[in-house]
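Below: a set of structures, written as structure tokens.
What follows is chain A paired twice: with chain B in the first complex and chain C in the second.
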Partner chain A sequence: MTAAEDRKAQVFEDNDHKPVGHGRMLRKEDPRFLRGKGHYVDDVQLPGMLHLAILRSPVAHARIVNIDTTAAEAHPKVKAVVTGAALAEQGLAWMPTLSNDVQAVLATDKVRFQGQEVAFVVAEDRYAARDALELIDVEYDILDPVIDARHALDPSAPVIRDDLEGKTNNHCFDWETGDKAATDAVFAAAPVVVVQDMVYPRVHPAPMETCGAVADYERIDGKLTLWSTTQAPHAHRTLYAIVAGLPEHKIRVISPDIGGGFGGKVPIYPGYVCAIVASIVTGKPVKWMEDRSENLISTGFARDYVMRGEIAATTEGKILAIRTDVLADHGAFNAAATPVKYPAGFFGVFTGSYDIEAAFCKVTAVYTNKAPGGVAYACSIRITEAVYLVERLVNCLADELEMDPTELRIKNFIQPEQFPYTTKTGWVYDSGNYEPTMREAMRIAEYDELRVSRPRGARAAS
Partner chain B sequence: MGIGVAFFTEAVGAGPRKDMDILGLGMADGAELRVHPTGKAVVRLSCQTQGQGHETTFAQLVAEEIGIPPADIEVVHGDTDNTPFGLGTFGSRSTPVSGGAAVMVARKVRDKARIIASGMLEVSVADLEWQKGSFHVKGDPTKSVTIQDIAMRAHGGGDLPEGLEGGLEAQVCYNPANLTYPNGAYICVVDIDPGTAKVTVRRFIAVDDCGTRINPMIIEGQVHGGLTDGVGMALMEMIAFDEDGNCLGASLMDYLIPTALEVPDWETGFTVTPSPHHPIGAKGVGESATVGSPPAIVNAVVDALKPFGVRHADMPLTPSRVWDAMQGRPTPSF
Partner chain C sequence: MKVSVIVNGAPVAADVEDRTLLVHFLRDHLGLTGTHWGCDTSNCGTCVVWMDGEPVKSCTVLAAMAGGRDVRTVEGLEQNGVLDPVQQGFTECHGLQCGFCTPGMMMTARALLDREPNPSEGEIREAISGQICRCTGYATIVRSIQWAAAREAAAAVEDDVADAELTGASATAGSVSGEAS
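Right after this comes the complex of A and B.
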């Protein structure tokens, strides 16, 4: 059924006809948003609130030689200037990431990506805080950066993570899934093999609302209230308790209206921690809101997978096996928000919607001098990359076999009676009935007529 | 002109907790439901909306189970002092996990309401039949009490069945049995200007199967947004760097995101294959369209470029990249 038909079938004029339960009804929250009465983190105003701005690295890779904050501290509206060295004295210069790595809250030894947090200023207003950043003098000893993940493991590549003991290269992790021997055997015997290299480039969630926080630490009762742009307030509270050593019951995380997240508001960013530290240091509420550029250059990116995909099939178009080798660019710190046992997220579903004999995948993750992150932007935890890989591969196979891409897919679908279906990489698909879904899309598209209408031949691309 | 097809299966709604945790925190979610004396209710959730309409969807989930209109159900979230623990909203897990929690807590409240109703109607619980919003005696629909009547009795001065505490509220922590696996078939039609190599998405057909559909309007909104994202990723968006590591996508002048001008009228449809383990058979849909649309668009562009001998071109398929592909030049590495 199309959505348009469904709309006609259901009463949907206003909320006087709303269902008691499931069905179409207008959103309860919309009157608030449409009338400008949404309440976002940046709308939080507290008496005596100070403002925080972050000084970021202008270069991708450099050793910090010296930071001179005297001029900034002399600014009449500045209340505090904090560097990585000051945080280090409190044991707060580094924090754990959601992937069991560590990330600098403020750089102490080196900067490792352009836009990395180096120092922060707390001032009476937003403008003064920004102005004072200009007064901080940082001396950098510039190092060669590692930008192309394909060269990150070259023996000559500079080591980015020399903060990790004994680290002599830029290797982050290796992860494998599936049965290599069985897959190789199927490939060796397969009549048709198609290989395709593809890049899923680095993208960014770019939510309408950037990230920010208001921290309010009450010295007398030791209670911290944190308004922050988070998609996971409880998880964040527990992590703040662990990182900052504050008792969990004394922390309240409030996530008010959020202007889009798309995964980008799952990680804990240094700015949140800086705001907390600033409120503890000054005894006042402190607001930090990043601007658009800060959001794009420093918060959780997505994708950045360099993939080689291989698909094996019979000449009749029965898909036999899929094999893939992935180079994953994790940036300067592995801050991907992913379940611990799944460092490459749910990329293991790269076998797609097809009933195949064997599959194998190897992911090699590397550090580069780019912003950390990795799992963000509506990706279902790396399924975006997996689906792109398999759906491009199946299309390449269709081209090779000169088969219609819908026919090839329908021929290889997992059948309804096979559910629950365990894939060759161990995922238990709970349910599905793929062919009717495919045929419904073909019906709406008038697919057969569309195929015929398509001009073919040289110079017929338009 | 080119036609592209993609069919995706997603795995969304992490846990279960035995397999999935983030830094030791198991991926389950809590929900708490309190029905006030006058029959209005408040449901407290561990997940957090970012614009996708939780205040509506979760009110509808609870309404379906206990028959209180959605307008009478307040959804509270995003405040650790006022909500039960849970891992939050990401990876399309709100409906699969928190949605499961909301349904289960509503059923728990309904079970208690049934006991109170049995006292009010002076029959055994087995002789009661639930009709969304009220219990009546089997075979005699005239003998009935509404959920609002029951709420008042639960907080009132009259007798309750022996051993039953007052109040009408419950709390659960829902640990999903498995992920849910939404899927969908996408077909994209593009036109490429042979003079400028600009790609225009002419049509996009998206048929999604996210199991039981709670609010179809919100689902379509999710799908429209995700498809728009997909056009961005396939044709426009990239955080690029120069060789010194300068970010070349540091503003929205440099990092292009799609607007209404870049996208067609979406043609959406659906099939319904319920999840067997989710309490109402729903599957997450928040990311389906973002996941499924880029390969459909790239497949369409490559299909259009077949006459030029093109077999593959990497995203984003900007005019310059498509032009390169038409000239037989490889996609630049970054």
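Right after this comes the complex of A and C.
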């Protein structure tokens, strides 16, 4: 029996004797899920409920010249057609994001990414709402888009966010952490320096259930009930109160069963706000449920970091310092739903598990003509990017020094007696014992055997 | 147009638009919301139901195509208040988390076990290759289906033993129980 099989057998054999939290546990929600009796947002059916569909931009960057909704309004099943201009009259065309920026609910002046919300239709059923979208005629004056973050700050790049007063470039924010002077000094004197460029591409969390909402506004007592695919109902309620001008205690946000979120259902999407507006306008409950394409092109993403990492070390493999310069692509609006005060989230943990003398990082974020966001996956908040950066650098250093990468790691781990340990970017690690953990992982992975069957460099050569 | 279908053993009829998809017919017209709408392009498999015993992706089947046919959905898996072994397996082996892909997964699993009561891991993975789950990573789903297969094999042995005792032919039952344990 291999170590992996041995481990698997242990996991399942004595389940009932394990402490709480370490074995199999029956779940309260399973009985309804197994019987097809879950309560997801699209399962909500209210009397008289109308259906909303959103018209999205087919282009990445364009000025809106004209929107003709006459034919859509004439559709027999259509109850309302709303454009950005109509929302602007009520002061509802823009909403604040969770990252101190603003985002268009419906585009007024320009569209800034392919898939951006341009108008919505409310109709008697979901098919009719989508039919009517095809009857809306939008005239676009197409502009050059900025797709590659590496060219967003070129002087010739078109300015995406000309809605922001005085904006003359696509710069979004700068953020630094660590001690630049100390880090530069260590690098200048270091015997070994390895530099590695890394592109960590954009990914989408893609939950099985797309985003959607059912908004039910009662005109008489001014109460709003919203069933929505949200992982953060309280934050959402606060924003709806700000945007819709309703007092917070008259808004009830219900987050029922959610078909996966992975952080992608933390941001507030224009569709939710559109559903609320639609219910206020029509006086009826309104359901909005996006389709898969809409979910993939318009909702929050993760990663999209262009990173240059540098690692300084002695010839014996003692890591001295780490330095990094990051270009972050935040799309057309900075709508990152980062529940921390740092604009780059937890990227500051990029020093990893290593005891080093100095560290510094600089993150420059830019606007591009892509879907807004910046963080998805609650488990990440840029930790994934930071871990990838440091571990890739350590591997590159191991190559440079012709050392085994596990040996190099063990040599540089923070030692048990050093805890609590304050990192060079100011994080306090309360406890840890990395070497035994690493050796256990190596045992489970059968590392020594892997090294024989797949020697260093074999993968690159194959 | 009027569509008449047998759903989970009961005849139903409704007036629908010609273009109505089976998934919307089930969900919006019949209120059977256990079948989910995930991608509407036959990619994700959360909408899988049976039509005349065969799993189909109901987001790309017209309700009209189901006319006169026998449709079975996740709501029909439980029989007489007893969960299907596949349903039991999913909860025993943590084959679900958010539960959104689960109805389609279970309908496909049930069809597989009806066709092949003792599938290999490879056969299970092939059977669910048209389904996507974003929570579990599939290992526990495979284990859930294996659990159901083992449970049914054990139940079959018990039935054989009971039959054998009734007919007095206990020798046959002994050989079967050896395989299924």
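Note that in this section the second predicted complex is superposed on the first by the 426 of 462 C-alpha atoms of A that agree within 3 Å, B and C clash if a C-alpha of one lies under 4 Å from a C-alpha of the other, contacts with A are read in each partner's own complex, and residues count from 1 in each chain.
In this text, contacts are C-beta pairs under 8 Å (C-beta built on N, C-alpha and C of every residue); 3 or more make two chains touch, one makes a residue touch a chain.
Every value quoted in this text rests on a predicted model; they were computed, and no experiment measured them.
Student: Is A:256 contacted by the first partner chain B, the second partner chain C, both or neither?
Tutor: Once the two structures are laid over each other on A, A:256 reaches chain B alone.
Student: Quick one: is A:195 in contact with chain B, with chain C, with both, or with neither? Answer first, second, both or neither.
Tutor: neither
Student: Looking at the overlay, does A:451 come into contact with chain B only (first), chain C only (second), both, or neither?
Tutor: Touch partner of A:451: chain B, not chain C.
Student: Which partner chains sit in contact with A:207 here, chain B, chain C, both or neither? Use first/second/both/neither.
Tutor: In the superposition, A:207 contacts both chain B and chain C.
Student: Using the touch definition from the top, say if A:292 reaches chain B (first), chain C (second), both or neither.
Tutor: both
Student: For A:396, is the partner it touches chain B (first), chain C (second), both, or none of the two (neither)?
Tutor: Touch partner of A:396: chain B, not chain C.
Student: Thinking of the overlay built on chain A, is A:164 touched by chain B (first), by chain C (second), by both, or by neither?
Tutor: A:164 sits against neither chain B nor chain C.
Student: According to the stated criteria, A:29 is in contact with first (chain B), second (chain C), both, or neither; which is it?
Tutor: Once the two structures are laid over each other on A, A:29 reaches both partners.
Student: With both complexes superposed on chain A, which partner does A:387 reach: first (chain B), second (chain C), both or neither?
Tutor: In the superposition, A:387 contacts chain B only.
Student: In the superposed arrangement, what residues of chain A touch both chain B and chain C?
Tutor: In chain A, residues 24, 26-27, 29, 206-207, 258-260, 262, 292 are touched by chain B and also by chain C.
Student: Going by the contact rule set out above, which residues of chain C touch chain A in the complex?
Tutor: 17, 19-20, 24, 27-28, 31-41, 43-44, 46, 73-75, 77-78, 83, 87, 90-94, 96-103, 106, 132-135
Student: Which chain A residues qualify as touching chain C in the complex?
Tutor: 24, 26-27, 29-31, 33-38, 40, 42-43, 45, 125-127, 205-210, 257-260, 262, 289, 291-292
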